[in-house]
Amino acid sequence: MAKPKVAFYWCGSCGGCEEAVVDLAEKILDVVAAVDIVLWPVALDFKLKDIESYEPGEIAVTFINGSVRLSEHEEWVKMLREKSQLVIAFGSCSHLGGIPGLINMNTAQQVLENKYLKSVSVDNADGVIPMPTNSVDGYDLDLPAVWNSVRRLDEVIDVDYYLPGCAPPPDLILEAVGAILKGELPPKGSVLSPAKSLCESCPLNESKPEDLTIDEFKRVATSQPDPETCYLAQGFVCLGPSTRSGCGERCIRANMPCRGCFGPTPEAMDQGTKLISAIASSGTSDTSESAASVAEGFVDPVGTLYRFSLPSSILKRGLKNV
Amino acid sequence: MVKLLIDGREVTTEKGRHVLDVAREMGIVIPTLCHHESLPSYGACRLCIVEVTYRGKTKLQASCTLPVREGMKINTQSERVLKTRRLIMELLLARSPKSPVLKKLAHEIGVDQARFDHITGEDTPLLLGESPSTIVGDAGCIMCGMCVRICDDVMNIGALSFEGRGAKRHVTTPFRHMSEFCISCGACSSICPTGAIELLRIRPHEPDRIPNEFEYGMSWRKPVNISFPQAVPRVPVIDMNTCVNFKTGGCKVCEDNCQVEAIDHSQKDTVEEVQVGAIVVATGFELFDGKELPRYGYGRFDNVMSSLEFERLCHASGPTSGHIVTKEGKTPESVAILHCIGSRDSDHLEYCSRVCCMYSLKFAHLVKDHTGAEVYNFYIDIRAFGKGYEEFYKRLLQEGVHFIRGKAAEVTDVALTPEEEGKLIVVAEDTLLGMTRRVPADLVILSTGLKPAKGADEVGRIFSLGCGQGDFFLERHPKLAPVDTAADGIFLAGACQGPKDIPDSVAQGAAAAAGALSLIDKGKVVLEPITSVIDEELCAGCKLCISNCPYEAIFFDEDKKVSVVTEELCKGCGTCVAGCPSGAAKQEGFEDVQIFAEIDGALLLG
Amino acid sequence: MPDNGFEPKIVGFLCKWCSYTGADLAGTSRKQYAPNLAGIRVMCSGRVDPTFIVKALADGADGVLIAGCHPGDCHYSVGNYRAMRRVPMLRKLLDQFGIEPERVWLEWISASEGDRFAEVVNSMTETIRKLGPLNWKERAEALSGAA
Amino acid sequence: MSRQITINPITRLEGHGKIEIFLDEQGDVERAFFQVPEIRGFETFCIGRPSEEMPRITERICGVCPTAHHMASTKALDDLWKVKPTRTAKLLREMVYNAFMFEDHNLHFFFLGGPDFIVGPTAPAAERNILGVINKVGLEIAGQLIKVRREIRSIIETVGGKVVHPVFGLPGGVSRGINEEERQRFLASANTAVEFAQFALKAFDDIVLKNQDYVDLILSDGFIHKTYYAGLVDENNKVNFYEHRVRVVDPEGREVAKFEPHEYTEFIAEHVEPWTYITFPFLKKVGWKGFVDGPDSGVFRVAPLARLNASDGMATPLAQEAYEKMFETLGGKPSHHTLAFHWARLVEALQAAEALKGLLEDEEITSDDIRNLPTETPKEGVGIVEAPRGTLIHHYWSDEDGILTRVNLIVATNHNAAATAMSVEKAAKAVIHGGHVDDGLLNLVEMAFRPYDPCHACATHAIGKTPLVARIYDHTGKRLREIKR
């Protein structure tokens, strides 16, 4: 019988997710042996027409990474949705919006001005800014417009499963592929990683006191974290408690606090507000004033709490001075 | 045991006792002046002599110091005895002719005329700054020495002693100086058979009397006393601050005299811990202090009194046994009752104290009834809200009590007219007549309002009771749970929850008791079904909830590596749920999804 | 009626023991106050998860009130302190998102403070009326597409 | 009036590019534009973030060279917070960085650019990929490649936490050190890496240099640009990936500038065109003269061949041999043969492997003195490293709490953008005649810039790929034909 057809596609991607696949190393050969890769732009030359020729549902599974930012992205993912039995959002960008989602705190206009007008190294006396349509020496050239917001994949098409992480760890990818090949899949819409939060598997959780209190925030810029002690107990903001596990605690093993690339746990509606609630509750200040001064020490809440998930937060984007 | 005959009657008693005591037990009357339970027999006055026949010999002896003997024969009434006693009495009379006690006793034993001249102790010339040569007053001293002995042996003070010999012998202070040691306990004067001792001769100033708190200082009490007639339990208490025993270690006269040995001065305050299933808070109220409204002269004028002071004054068991009199002791001709003192006053108690109208009417009735004086009620409104109250009000109108609609403006003693002289004048606007009135009165009663008892706020904190209007404790629901509080198993009764009259307080007390009983009977409590639960499928054991719980209801299960809620301890505040970063904690009835739905609903409105 | 004709929508999270009862009292004592607040009863202000507040603001509320027992009076002894610690951090977050911190109020209202409840609702309504509508969804949508 | 061909996107390179080729009536190339159609705005949304988070944020510009961004960012933090890393910290950083250069160069050679050579430029598209490479070089070697890559990447993973998007860089040092056991293991891997790098050069020798067609292609005029070259050099002007000074040489190979990182704005400026989101850096002192080469044009090139041209040699012995052999074959230094970038890449991979070995032989690398904590008030900082694709510049400004107020990024692909555009046009003109366009030809055009391995994810911090479309219009502008891929 024919090998199942598998497609990889990238929307707004940094290529890290492709690297993650390449990092399957030897195992990639097994995968290649088990499946028939019909699309993988980063490494294989395949044509749109090949894909278009497929019957709806002919592709067994399509992995899509990157966040959705262009009309072309939209066309491609809609077409792949139609051709595929399963679509899996691969990596933080398609799952949550990812770090590029931080642009949702700004607008396209600000992006263009910062890059082409305000940059110290730009030599642009005439204030040229790239335009969607241009006529250069009589040649008509067009450019896709820059969008104000980044969208998650499931804001554009129906997604069957999510493979979290920036980038997803190889073992999680293999598990997912294995589960798909065996047809042993959890309910549709599941995130293919453990439901518990990171503390569950965190090597430092043992060191966390039951009466944990945070009355002053530390920053890695000016303090060196103790690799033996829970970062929250030390006063470093760590997103572990409000973040799914399954990543292998890779950042923590390198002695850096979690930044939440796996996204919120199934029952938590918003990764950031949940963590605020938890760490603020763990203070001891007993006046509004002292509580406020503790809060002052928490720098850049949005950029920290929604490092990877701003487009999937409740508020979705910022509207300050936009 | 020894057997003996007294006045021909045989009696058996234990050895070592004195004849006097035995005889008295037999109901035989033997006069004596120097015999007292608190002091050993001394045989000073000799009045108790009897005729003793023992081993064939017969002689006269003082019975108070005469030990019983086997076969002893005693005659207490023989001619010889009576004759001798009369002689002794005459001699005593010569010492203190004026003592009423002595005179009375003398008369009883048939001495009406003393044959000897009056003898006193020697009056040697005084040195400067000395006290009088003797502490004895006109009543005269019979040298029984009981005062010296009780002061010395019993009170452990020794402020008194004898001085001189023979006819010059007399009782005085050391070196005749005013005593620095005397504590004015008054034991000497109270034990003195002739009532001759004058305390002021021992100590230059009046003994400190103890005001009776229950009577608002309108009468005095003893260190040992029963607080008030209705006290429960109705037993005497000893006031450690004033009892001599706690000052000198002496006295204990009461302890010695208590037949059932109920008194124990060595008792100390103790703190008892009692496990209970329910608590009824009934800390009551406290009267608004009239001094906060100086214009009514409370505390300045003797005859301006608070409602409770008057309550005692007109009470049969009160300081004047129910005689309504002014401080000067004369029956008033006119009495003013000022309503709403402190109550319904935006500067003080905003609320109506609810009971004042009715007790004021009662006062008016009593005054009228007892003294026939003119009674003037100064009122804003008469709130006769209860069963039979309105009728009572009508009755008073018929009794000719005056009702002046208008809150009294002030009470003054500045008389403008002759008939105001020497009286207190109540100034008020009579809003019905539309004129200012000056009403002279001998007695002014302030119908002061009710406020929560001192320390109620502390009690509130201990039992975590909320406070409502006027800082009275807050019931769980004004209509549906009027005796329950926010805290399960804690009930409210009486004025601590708000001003109440007696019937209402009794009713609420009963209700509170019933509420408490219903819990105790069940022997179990029903928890509200809103406790928190932690889904162990989702809990990562991050432990952040543990310090969040105000009740230490969450513990970390080391085996499962998850946090667990102890349902019995959980009170369902939901703090841990809000604080759970992974959403593993849920609160029954207040789950996130439910609240989100409520938010959606709320946003549909308006 | 307000001059600008804007009627703010305010969602209130009221603790059952103090503030909700206070609101009841305001009602039973016939206090007049702005009809702009829709109250949601929670057992304790400590139950109020910042997520609720953000959700309300995102879904159309112009302001959110969290009201609990006065410090020291919490029926659960310290629940209200939790609320007190969460709000400043949440305000900081909201400010960064571009939501004026004045749209989120934390107030202590005891069961007996019916008047205070009315005052709070009135002054909060006025403050937010001055701030104007939040309209989060619409404004965010407007920026979801291409520039 | 002209016909227009759009090649969109270019497969097999990270990020994203688009080529517009205009033909004249004869169907010859009149003008070709190389467009980068997106921009992500890292410079904008990094403002307001705590500076110490930059290494973990900016690396998301590119998932293929995250370590380069991570390292440039970390060095910018040293400068911003005015703190020097401890010696051990520096050893660890260079260890990770050389490991990264090695594995990335191999990735490019075998997965991205390499297939053109190894499988053959005109081979069927379905074979011009890693699988084709595997077939050509054999599974055993492919196995070796994958093994060495995994081992070397595990060095990055151990210290950096994640190999894709590491997290260990901090101002004044690193977050984690290594122990002796790890040092031994890594050292073994380093030795394997040295061997493999030599093997790769040999494979290039056998497959490419022994095939006259390829050599002619490399040396063909279509792939020559006489430009300036820039790259980091150490104090001996040897190639250095991690630090020291940027050296610039002219088309004749003469040094024209050598500057400290924080001086970059005096030497480099970016030119803006309205038809692409990428900017075109040029040498300020020479000036922007348009898309032309030669000594009068400020256009300069970076990346492997450029680094070798800009240096006086390699920092390690084996690499030095390979370096000499290369220039000898190419007919002297500097070499302007675009396709030689592939070769230079393998030479650098060898230096990276040797350097890695050297660093791991220093036992101080296992010391626990891995961090100097900042004590100064942060203000402004520049960090420059040599990314696989060329010189990478991160420039931050912050308030006194270290919260960023301004960010400027110039990445490798930017520097090559002008040259890339020129290469494309030149190649198009060389291979498209009479309007004859097929996939193989289009692939040759793509070959014109694959040597630079342009990473437009980096360059514009842009993301995404779009279908490749060739549209052909007649002089009236009416579309005659469309080739989609």
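Per-chain residue numbering starts at 1, and chain names A, B, C and D are given in the order in which the chains are listed.
One rule holds in what follows: a contact is a pair of C-beta atoms (placed from the backbone, for glycine too) under 8 Å apart; a residue touches a chain by one contact, two chains touch by 3 or more.
What you see is a predicted model; the values in this text were computed from it and never measured.
Visitor: Between A-C and A-B, name the chain pair that shares the greater number of C-beta pairs in contact.
Guide: A-C
Visitor: Can you identify the chain nearest the overall CA centroid, using each chain's own CA centroid?
Guide: C
Visitor: Measuring between Cα centroids, which chain is at the maximum distance from subunit A?
Guide: B
Visitor: Indicate the whole-number Å distance between the mean C-alpha point of subunit C and the mean C-alpha point of subunit D.
Guide: 54
Visitor: Report the inter-chain centroid distance for subunit A and subunit C in whole angstrom, where each centroid is the mean of the CA atoms.
Guide: Taking the mean C-alpha position of each chain, the two centres sit 33 Å apart.
Visitor: What's the distance between the Cα centroids of subunit A and subunit B, rounded to whole Å?
Guide: Each chain's C-alpha centroid was found; their separation is 79 Å.
Visitor: Taking each chain's centre as the mean of its CA atoms, how far is subunit B from subunit D in angstrom?
Guide: Each chain's C-alpha centroid was found; their separation is 99 Å.
Visitor: Subunit C: which residues touch two or more other chains?
Guide: In subunit C, 46, 49-51, 55, 82, 86, 96 touch at least two other chains.
Visitor: Two-or-more-chain contact residues of subunit B, please, as numbers and ranges.
Guide: 548, 575, 578-579, 592, 596
Visitor: Using the touch definition from the top, which residues of subunit A touch two or more other chains?
Guide: Residues 105, 108, 146, 268-269, 274, 277, 279, 281, 300.
Visitor: Can you identify all of the chain pairs that touch?
Guide: A-B, A-C, A-D, B-C
Visitor: Which subunit A residues qualify as touching subunit C in the complex?
Guide: 105, 107-109, 145-149, 151, 268-270, 272-274, 276-277, 279-281, 283, 285-288, 291-292, 294-296, 298, 300-302, 305, 314-322
Visitor: Mind pulling up the subunit C residues that touch subunit B in the complex?
Guide: Touching subunit B from subunit C are residues 7, 9, 11, 17-18, 21, 28, 35-36, 38-40, 42-44, 46-52, 55-56, 59-61, 72-79, 82, 86, 110-112.
Visitor: Would you tell me which residues of subunit A are touching subunit B in their complex?
Guide: Residues 195-200, 205, 208-213, 232, 240-242, 245, 265-269, 274-275, 277-279, 281-282.
Visitor: Provide the residue numbers of subunit B that touch subunit C in the complex, in ascending order.
Guide: Answer in residue numbers: 461, 464, 466-469, 474, 478, 486, 530, 548, 550-551, 571-575, 577-579, 587, 590, 592, 595-596, 598-603, 605-606.
Visitor: For the complex, give me every residue of subunit A touching subunit D.
Guide: Contacts found on subunit A: 10-20, 22-23, 25-26, 28-29, 32, 41-49, 66-67, 69-70, 72-73, 76, 98-100, 102-103, 105-106, 108, 110-112, 114-116, 118-124, 128-131, 134, 136-137, 139-141, 143-144, 146, 166-167, 219-225, 227, 250-256, 259, 299-300, 303-304, 307.
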